[in-house]
Amino acid sequence: MQAASSIGTSLDFYLFVSFALFTIGAIGAMTRKNMIVLLMCIELMLNAVNLMLVTFSTYYNNGDAQIFVFFTMVVAAAEATVGLSIIIMAYRNLKSIDIDMYNKLKN
Amino acid sequence: MDSIIILFIAGLIGLFAGMSKKPVASILIASFGLIGAGLAAYYRGSYTSPFSSYAAYVPTQGLVIILLCAVTLLAILAGFKRYKSDDEHTGDYLGLILFSLCGAILMAQPNDLMLFFIGLEILSIPIYVLVGIDKGSSASAEAAVKYFFTGSFASAIILFGIALLYGATGSFQLVEIQSNLAIGIWQSPMAMIGSLFLLAGFTFKIGAVPFHFWGPDVYDGASNAVLMYMATVVKIAGVYALVNVFGQVFRDSYFFWIDLVSLLIVVSMFYGYITAWKQTSFRRLIAYSSIANAGLMLFALADIHNSNLFLFVAAYALATIALVAVNSVINDDSDALANWEGIAWKNPLIGIALVLALFSLSGIPPLAGFFGKFSLLWSAVPHVPYTAMLALIASVIGAFVYLRLLLLALKKPSVTVRIKLSLEQIIVLVVTSVASIGAIYFI
Amino acid sequence: MALILLPLVFSLLAWFVPSAFTRLFGLLSTGITLAWSMVAVCYFQPEEQILIDFGLRFVRFSIDSLGFTMILLTNAVFFLVFLSNFTGKLVNDNKFAALALLMQFGLLGVFTTNTILGFYIFWELTLLPIFLILYWFGTFDKPRALLQFFLYTLLGSLAMLLAVIGLMHATNQQTYEALLVADINALGNTSIWLMGGFLFAFAVKIPLFPFHTWQAETYTKAPVAGTMLLSAIMLKMALFGLLKWVLPIFDGVATDFWRWPIITLGLIGVVYGAVIAIRQSDIKTLFAYASLSHLGLIAAALMLNDYDTNQIAVVQIVNHSIVSIGLFLAAGIIEQRLGTRELSELGGIAKVAPRFGFWFAVLTFVSLSVPFTAGFIGEFFLIKALFSAHALTGFIASTTLVLGAIYMLRAYQAPMFGPSKFSSFQDLHWSEMTVFAILSIAAIYLGLAPQCLTDFVAHSLTQPTH
Amino acid sequence: MAKDLTLLLIIALPLIGFAINGLFGKKLPKTIVGGLATAVVFTAFLLATTLFSGLHGTQIVKLFNIIDFDQLRINASFQIDALSIWMTLIITGIGSLIHLFSMGYMSHDAGYHKFFTYLNLFIFSMLLLVLGSNYFVLFFGWEGVGMCSYLLISFHYNDAEKGLANSLAGRKAFIMNRIGDVGLLLALFMLLGQFNTLEFLQIGKALEANPALQGGAMFFITLSLFIAATGKSAQIPLFTWLPDAMAGPTPVSALIHAATMVTAGIYLTVRSNFLFELAPATKDIILYVGLATTLVAAFMALRQNDIKKVLAYSTVSQLGLMFVALGFGAYTVALFHVTTHAFFKALLFLGSGSVIHGMHEEQDIRKMGGLAKLMPITHFTFLIGTMAIAGIPFLSGFFSKDEIMAQAFLHNPVAYGVLVIAVSMTAIYMFRLYFLTFQGQFRGGATLQSKVHESGLSMTLPLIALALLSVFGGLLNLPGLFVKSTAHWFDHYLSHGTFGLAAVHNAHLDFNASMGLMLFASAMAIGVFIWAYLNYAKKGAVAKTDDALSGWEQLSAQKLYVDEIYNALFVKPLLAISDFAGKVLDIQLLRNGVYALADGILNTANLTRKWQTGFLSSYLFWMVFGLIIFVAYYILKLSVWH
């Protein structure tokens, strides 16, 4: 695992950005009430990871991380579709997409 | 590999057969698919597979696949009554289950984190759908929502962990990662935190504290039929993946994470069993008991070289399926424990199955549960004696929970109305009972 | 070999027996087993040792003279239990028969297994049937007491499981013989911990003083047959385990460490149980505390791990089985006939039921360990052993003579003597009379010639090294 | 016939009688039952006489060994020597007489066969006690007689009004005996510890071999032996059971609680003389306990109105007297008094039995009087018995008592003084009893008077026989001053035939002193007789009613409130402790403690389930929190490592 100089010292910068994105996504997921926004936050987290993967792949300049990124995107898309359909189904039932309405199951 | 293909094809056929509104046809197809997959796994190597070239990417150990297929078979059989009830969706049920089973097999013994992640998602996404499959009920909807968001959140965490590991080692191949870590890189923060994030993801999948929250609500909202699959296959796949990843990749950093694992074990077991005590809904009780059992499963990490996991997960899965099957026999939506009163008297088979399942879960010899627990502890005790001690104390509380359920079921009712069991239910109960006794073979 | 499996077969058959014949079936099956074991013991040389191996990994069997004694005791006890309940409705229930026979199988396993894990497995196996028996046929108003019994014992046995695993890891051995020669003392404190695990399980089962809280309640609320099974044979598993497994294996550091603590607890139990028994109003509860007192003595004496004392302890074990069957049978008869167990409500039974009065009296004197009964020999030598260990312990133990006289005579006189409170009391059924007769004969025979038993078991008891 | 065979036969016969009567007694006619029971005992007596005549030295008869360990061997073996045979003679002789008496006395009783079964069993156990060649067999018998005494005291347990009282009396006796037994048990253990055997002879030999063994150990051994003796022989502090034991049928009182069982304590002491000789301290204790008992019991007897109670207390007092003798180390003297006492006390009890029988179960002497005319034989024999115990010259009691007085006079003047008081009291209450019962007017009412009758032959014969014995019993051990040739025959017989006694030499007074003592004693006895005659016969004084009693009389009638004191001191506290332990300690503290613990653990569920809020955002928050914990753990680990 030899370090490629193309990206060099600014590796930390990219990593910081992706950490930041991930954290923002996580905090958003914790705090926001709107399901759609929640979905977006989680997508944000995934993309943060994608960024990190790409960074590393250029750092090690081997490509499989970038392949992984494609997979992740596909997965993210799949999740998004399922997620959205679930949200719609939920909306049909409770007429709301505020997740705090969904607390019948507890204890 | 062949098993996956077979399952996938069976799933597809089942999916379309479902449109013919002939539930029996689709269940038969699914069953044959599962049996075929099991056989394929069993005879693996004794014949030249057309897909042998891929075997390198999907190394599948026969035993686990057989277990997964068998459990799934039992689950769909026990749930068949439910599928029949809305016959335009029978196909969807079976198809989705088979697809997610493919994912389970894929992720159970990864040798590449990329494939592992894909398997994970293939396992999870169909279940998101299955949980929310009956569109009418708000509980189902809520369960689906919660499961989906927590689940995708967890996969983000896992992904993050994978990325960090990649950053530390520059590869997704477990072998390479291990060899890189072995030369001391595991002490780098990135690897350590990466491993911990991975652990967190697994913990979520098998539903141990502190990533257990989805469990009770989702189990509660989902239908018995789905629950049977979810409570067993997901856990089995998850814990096997965990053991394989940590056993292969992180064995050098054993002393770094084992204390954390012990902590998780103890907390999960106490939390799960104690909380189960006050439950009034059966499915929630099962959920909490499964949290505790997830804690027990983590013992497999204590001795990474030979983790005798199989017996325990098998026993756990069989007992759980038996219980949920009985619960689905009662079949009412309130799902209150009160309905269990005197059920053992309404049908001798139910009675026997219940006694065996519950004693097995509480780990009384000579039932499967005991041997599972024993083989787990057998390898664990030398490494984490005090954790084992605490775990045993916790399992006494667990016995409390199960026996309370048993006493409820055994209470002699004033008037007994016989319950008629359908063929597939009889099969399921008989199989689980026989299996829980048959474990004597392993002595 | 079939000796051990026979009860299992019968218990499986029992499920299919129509309830009209169940009582006969139970009687026959236990009778056959008993007869078989009696025949077997005739062909059995005390010094030999029968090894039985199914090729299982963890469980093997070997019958030595001590094991054979316990087999005989077990089969006899089960036969007597079935016989004594012959008039009760309990034995008409094939669930009871099946469970009891299953339990018999488990007990035989405990007494004959040759591997430490096997010991644990069978030990637990017995718990399952008795639990169901108690639950189905007992009068537990709320499951709490029952759960307490079950979980108390379960906690104990889990401690034992830990100890078993630890022991097998520490020595890499599992068979009895191998463990005997294994050098446990090398383990130092670990051995103390391991033995502690076993002792905790036994202390709950026997039970010893602070762990006895399940006993009185369970005995009182259990069906008579269940109480008999519990006190006559099931508690003996613990004493047997102490005698056959723990003391020989842990002979040395661990035993020296635990000796006095256990003896203290045992003696506390002796006095404590007796003192409490004095004022009990429920006759079954009274006998329960009495049993606490008697067993405490045996346990304490066993901890001395003295060759002769151990032989006598076997006599006392057998004697206690005899006594507890007899006394609980008497209590059961009173309860069955009159529907009450309160001493204050009873009186003058001996007048209307002279035969019962006589046999109950005999059993009372047996339990008072008067001369010509096994109890006399047993108590005399056990107390002697404790006395030679330390004068004070001997003195404390000997108080059981006086206290025992106080509560036993009360337990006998209150229901039997005085003005008759009951016009009619159906006298003994032949089956009950047979049981009493057998018990008395056995007790007197052992009282006059304990030598035959002590010599028999002596072969399988190991001479302590120290 | 070979000696050992004879001996075994002696022991076996009562057992056979017991077995037959026990098994078939219900079917057989009464005469056969009683006859058999009597016959076996009498045959045993005859066999015993043959042994007695052919006696020389000590012989051990080994039957089988009970326990045979490498350290320790205990045999069921028996010993023929002067002491054991003499006791056997007393037991079987008087026993057969009393059996004979019972045939008449119990003739109307429902439990006839049961009675004789128990009686035979008792004889058997008693024989074991005295014939055993080691302490273990002795202990067998010791416990056995205790059991029989329990059975016989509570014989009429289902009597309508007295049933419960009877059974309670039996229980009291058994428990108090058990307390003594504990003493014996401990003594046996200590002996085993010291000598590793229980054979009398071996222990004795061992002691002869090294006398160094005396001292502390001996003191404790002998003390525990003496405690055992106080239990059986009703000495302070364990004497209160004997008066209550009168609840049993009168023959039982005669046999067990006067003639045989209660003297087991004396037998034990004499048998272990070689031990007591090494423990002077114990002997002093025995002396003082004996003195206290004889005095206290005599005082209590003064104002008893139950005919049997009087005799009971006098028995206690007489036993005390014997222990005084033992205290002086005069074993033969004590045993001599045992013998004579067996004669006249059995006589008195049987006499009282005959009276009670004739009076139809009336025991209160205040309702009697003037029976002399109604039942002449009983009256005559009873008079003899009274005179014998009171110490009227030349009756058996006179001599045996005089021996003891002489010992006291020799060793300890104070003791002598006390004895004088006690003995005079004896005379007083006995004559009071006699006169109130047989002289004066009949106070039982006309209806009863008409029914009173003399007892049948089977009852009067034993009376006569015993009367003869109590007259001439004194000849066994005449003091030296009458006929030199047979003087102190009994002393010689015992001390040469019994191990250890030869070593103990008890001094005899010189001519004048003994003569003086005798004259004084006889004068005292006769004086009392005259006083009593004047008081009761002439003045016709009658026993006061209870409320009329005052001062010391009240004390005497209420037995110094000993029972009440014991109740307050031991019984009540024990029950209180039992209640406390049973209700509070065991249930409240321990059992509910366990429950509380379980509930405490399980109720935390109410907290833990609150964690599951049901809000997705909180779940996500906790997941993140978990991650933070993980990271914190990582940092922690690092800090631990570096």
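Note that the chains are named A, B, C and D in the order they appear, and that numbering of residues resets to 1 at the start of each chain.
In this section, a contact is a pair of C-beta atoms (placed from the backbone, for glycine too) under 8 Å apart; a residue touches a chain by one contact, two chains touch by 3 or more.
Bear in mind the structure is a predicted one, so any value in this text is a computation, not a measurement.
Novice: Where the contacts of subunit A and subunit D overlap, which chains show up?
Specialist: Common contact partners of subunit A and subunit D, which must touch each of the two, are B.
Novice: Weigh C-D against B-D on C-beta contact pairs and write down the one with more.
Specialist: So, comparing the two chain pairs, more contacts are at C-D.
Novice: Using mean CA coordinates as chain centres, what's the subunit C-subunit D distance in Å?
Specialist: Those two chain centres are 37 Å apart.
Novice: Between subunit B and subunit D, what is the gap in Å from one C-alpha centre to the other?
Specialist: Chain centres of subunit B and subunit D, defined by C-alpha means, are spaced 78 Å apart.
Novice: Approximately how many whole Å separate the CA-defined centres of subunit A and subunit C?
Specialist: 66
Novice: Can you check how far apart subunit B and subunit C are, centre to centre, with Cα atoms defining each centre and the answer in Å?
Specialist: 43
Novice: Check each residue of subunit B and list the ones that touch at least two other chains.
Specialist: Answer for subunit B, listing residues that touch two or more other chains: 145-146, 149, 153, 216-217, 400.
Novice: Scan subunit C for residues touching two or more other chains and write them down.
Specialist: Touching at least two other chains: 151.
Novice: Spell out, as numbers or ranges, the residues of subunit A touching 2 or more other chains.
Specialist: 26, 29, 38, 99, 102-107
Novice: Who touches whom among the chains?
Specialist: Here the touching chain pairs work out to A-B, A-D, B-C, B-D, C-D.
Novice: Show me the residue ranges of subunit C that touch subunit B in the complex, using the header's touch definition.
Specialist: Touching subunit B from subunit C are residues 56-59, 120-121, 124-125, 127-128, 132, 135-136, 143, 146-147, 150-151, 154-155, 158-159, 161-162, 165-166, 169.
Novice: Can you list the subunit C residues touching subunit D in their complex?
Specialist: 144, 148, 151-152, 210, 213, 216-217, 272, 275-276, 278-280, 289, 307-308, 311, 348, 350-351, 365, 370-372, 376-377, 380-381, 383-384, 387-388, 394-395, 398-399, 401-402, 405-406, 409-410, 413, 416-420, 448-451, 454
Novice: Can you name the residues of subunit A that touch subunit B in the complex?
Specialist: So the residues of subunit A touching subunit B come out as 1, 15, 22, 25-26, 29, 35, 38-39, 42, 45-46, 48-49, 52-53, 55-56, 59-60, 62, 64-65, 67-68, 71-72, 75, 78-79, 82-83, 85-87, 89-90, 92-94, 99, 102-107.
Novice: Which stretch or stretches of subunit D touch subunit A in the complex?
Specialist: 609-610, 612-617, 620-621, 624
Novice: Mind listing the subunit B positions that touch subunit D in their complex?
Specialist: 145-146, 149-150, 153-154, 157, 189, 192-193, 196-197, 199-200, 203-204, 210-211, 213-214, 216-217, 256, 259-260, 271, 274-279, 397, 400
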